[in-house]
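Going in written order, the chains are labelled A, B, C and D, and every chain counts its residues from 1.
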Amino acid sequence: MNKVFKNAEEAIHDIKDGMVLMLGGFGLCGIPENCIAALVKKGVKNLTCISNNAGVDDFGIGLMLKQRQVKKMISSYVGENAEFERQLLSGELEVELIPQGTLATRCMMAGYGIPAFYTPAGVGTEVAEGKEVRNFNGKDYLMEYAFDADFALVKAWKGDTMGNLIFKDTARNFNPLMAMAGKITVAEVEELVPAGELDPNQIHTPGIYVHRIFQGINYEKRIEQRTVRKRD
Amino acid sequence: MLTKEQIAQRIARELRDGMYVNLGIGIPTLVANYVPKGMTIILQSENGMLGMGPFPYEGEEDPDLINAGKQTVTILPGGSFFDSAMSFGMIRAGKVDLTVLGAMEVADNGDIANWKIPGKMVKGMGGAMDLVASAKNIIVAMQHTDKAGNSKLLPKCTLPITGLRCVKKIVTDLGVFDVTPHGFKLLERAPGVTVEEIRAKTAGRLVVEGDVVEMSF
Amino acid sequence: MNKVFKNAEEAIHDIKDGMVLMLGGFGLCGIPENCIAALVKKGVKNLTCISNNAGVDDFGIGLMLKQRQVKKMISSYVGENAEFERQLLSGELEVELIPQGTLATRCMMAGYGIPAFYTPAGVGTEVAEGKEVRNFNGKDYLMEYAFDADFALVKAWKGDTMGNLIFKDTARNFNPLMAMAGKITVAEVEELVPAGELDPNQIHTPGIYVHRIFQGINYEKRIEQRTVRKRD
Amino acid sequence: MLTKEQIAQRIARELRDGMYVNLGIGIPTLVANYVPKGMTIILQSENGMLGMGPFPYEGEEDPDLINAGKQTVTILPGGSFFDSAMSFGMIRAGKVDLTVLGAMEVADNGDIANWKIPGKMVKGMGGAMDLVASAKNIIVAMQHTDKAGNSKLLPKCTLPITGLRCVKKIVTDLGVFDVTPHGFKLLERAPGVTVEEIRAKTAGRLVVEGDVVEMSF
């Protein structure tokens, strides 16, 4: 049994044109930087990317947009991104916007083997178009489906050789949810440790969900909005 | 007329000890500055944190610790981190006591529009649709009129809807309003603002009963 | 803001006859021993108890059955329990058996604000009677509802004054799920610490879900099947 | 005829390196004793553990660490604990590669009955219905006949069903069978057991093609 890969290139070697990928992270926080760099290098195209955000012009998924590797983005918020805007307006890029909680939950449900569920988010809005509306206890809900992704690419703080993952602070966000949802899940970690070094009570993603893991390098961890206060 | 800070200050009077609160971007964020002394309010950030604290000291920013507005923040003692599914889980389950957010339009039945202007760039709804569909108590913080002077308190939203019949209270630069079955009920006037001015700038149904208190700060 | 109660009696003082209670634990592992003792002392009756198991004759929920405080049990496995069997056969006790994963998930969904979901467990069985069957991707699923409980009584290893909980080993089981699901959640802990002592990355149940917490005492932690191996 | 240990031993031949496996109570539990040397198999216990290890040494039992049969156990390096919802989540999502469980009856279309005998005490299905409805690969370990000598491999289950068309393989004291569209296909015979004896004791459709190998241990 060996889940450990040498680097991002090897861990994503079989990602092909036209595949559906999940990419963890919220904004630029907790994104799989190494995997994104490897995807850019590999140049695979026509990808559908499920990710809460689309990065910024020159970092994160923005790098893949610049190379026009993405056919469709499924996100909740695509923020400020000039190249994204250009491709969207020109029709080069298809975008499906869905509520953030629905996005998160559709990932989780894939990992929990639940094909569909009901949520109130989006009732009465554009998001409800074409969806089943159902009333429970006097309130309307939409039926939403679990996602189906070929690969999930996630970033963790620590991981072990069995694929167990621990996330740090708000860099957790969508990562453990997508880790559960990929047909193949690739995890890049800041620190890869031998099995047995992580406390089994503190593992956020059990190794059963993770197929490939590698020690990431050169994390830039860019900050989008640096806000600070002065010392008194 | 209230300043942005005063709108936030007025909203802070709705806080009660022990409340779990989600504050949106913009004016709502300022509410955190006016929590009464001795009161414990726990801030939820929907990217996955309870117990959000102030911005970090210079040099202590951590790229792994941001709020839903992608700003670097801190966590207070007794806080916790969790994934985005649990974060919206607690929102949907009604565990967050109060949500404060901005809006482009509010209708007099409580409908809210705040995520999209057709024809312009669409940034996405983020967590707004989940929040407004789920929160027990939603207060909108916004200017009473848009830059052209048009009322943002309407009989019906003209922009794409974020959520139906969900807003409970609105605090604008002109006053405080409850959303009632009969429309916007004026509760308080901003200092120096008359009921007539509010009436003139409110396109939706306005309910005025008896004398309306003038706010003081 | 004060969530800390002196003891079990005070924390459950307002549980009334006829209420729906969730009780954490799997077998006798991780059960809220103090809360159960207080319920027995208080003598409330006609309770509906949602709990994976029904305890044994002289421990756990078995103590409440002996006093005939339970009108209905909702469980997945009720094991060996003579008093339970007697009450069931005599018609004194109503029992609803549901698959363990469905039980766990119905708790979680309550805490996640999802009123209904689809699961394959029980399709084609007695469990499916009266339930909606729906096909997704060629497979049949049952629609199941989130639970609705007046109180959830859970047992944690450590907790802080803000209500944050950490569980130990397999004593976690249903506890964090039920903690999320109660209209009022009462947590008893082996060790109650001040806010700030628990690592915010290691909290299993965030305090927002917990309304009352108290330092438990005199834990018996009975073992149902003591299995050991000899040292070589 | 195979002993219980031999049934477990035979099932262990189905294991492959890196498999995640859920073993039921009884004969299935014994499979853990026959994992080939050098092969890594990760055992899942549905109460909330991956990496289940052997029973603890005397005096080291921990009441907080039990398996789904409520027995005191240990956890191996690289294991993890989680709640019951995630535990059944990974089961439903097909992440558990192999489930081995006992049965009262198996039908020749793969239906299984193993949770209830009407009129007798009902203990409940526990996690069995979730497991059989979800697992990619289910092997049943059981005696070929009941105590009265009646076949447990039937054209149709007579007891209340646990799950439909889910069993892939059966290992009994008499042989190994695949569940195929044409019924139970006999793959291997127990040492000294003839095809005729198996045919006589199998009430469901039996498929026998060519020579059937005799198992050796």
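FYI, a residue touches a chain if its C-beta (ideal position, glycine included) is under 8 Å from a C-beta of that chain, and two chains touch if they have at least 3 such contacts.
Remember, it's a predicted structure, so these values are computed and weren't measured experimentally.
Trainee: Could you work out how many touching-chain steps separate subunit A from subunit C at minimum?
Mentor: Each step joins two touching chains, and the minimum needed here is 1.
Trainee: More C-beta pairs touching across which pair, A-B or B-C?
Mentor: Top pair by contacting C-beta pairs is A-B.
Trainee: Greatest Cα-centroid separation from subunit A: which chain?
Mentor: Centroid comparison gives D as the farthest chain from subunit A.
Trainee: Suppose each chain is reduced to the average of its Cα coordinates; what separation in Å results between subunit C and subunit D?
Mentor: Going by mean C-alpha positions, subunit C sits 29 Å from subunit D.
Trainee: What whole-Å value do you get for the distance between subunit B and subunit C if each is reduced to the mean of its CA atoms?
Mentor: 36
Trainee: Where the CA atoms of subunit B average out and where those of subunit D average out, how many Å apart are those spots?
Mentor: Computed value for the inter-centroid distance: 56 Å.
Trainee: Mark out which residues of subunit C touch at least two other chains, giving numbers and ranges.
Mentor: 105, 112-114, 119-120, 167-169, 172, 200-201
Trainee: Counting only residues that touch at least 2 other chains, which ones in subunit D make the list?
Mentor: Residues 49, 75, 81-82, 85, 88-89, 91-92, 134 of subunit D each touch two or more of the other chains.
Trainee: What part of subunit D is in contact with subunit A in the complex they form?
Mentor: Touching subunit A: residues 17-18, 20, 40, 42, 44, 49-51, 75, 77-82, 85-86, 88-96, 134 of subunit D.
Trainee: Hey, which residues of subunit A end up touching subunit C in the complex?
Mentor: The contact residues of subunit A facing subunit C are 105, 109, 112-120, 134, 136-137, 139, 141, 145, 166-169, 172, 200-202.
Trainee: Using the touch rule from the top, collect the residues of subunit D that touch subunit C in their complex.
Mentor: By the definition above, subunit D touches subunit C via 45-49, 54-67, 69-73, 75, 81-85, 87-89, 91-92, 111, 116, 121-130, 133-134, 160-164.
Trainee: Applying the document's contact rule, which stretches of subunit A touch subunit D when the two form their complex?
Mentor: Listed in rising order, the residues of subunit A that touch subunit D are 1-2, 110-114, 160-162, 164, 180, 194-196, 200-201, 203, 206-209.
Trainee: Once bound in the complex, which stretches of subunit A touch subunit B?
Mentor: These residues of subunit A touch subunit B: 26-30, 52, 75-80, 85, 97, 99-105, 107-108, 119-127, 157, 167-177, 204, 221-231.
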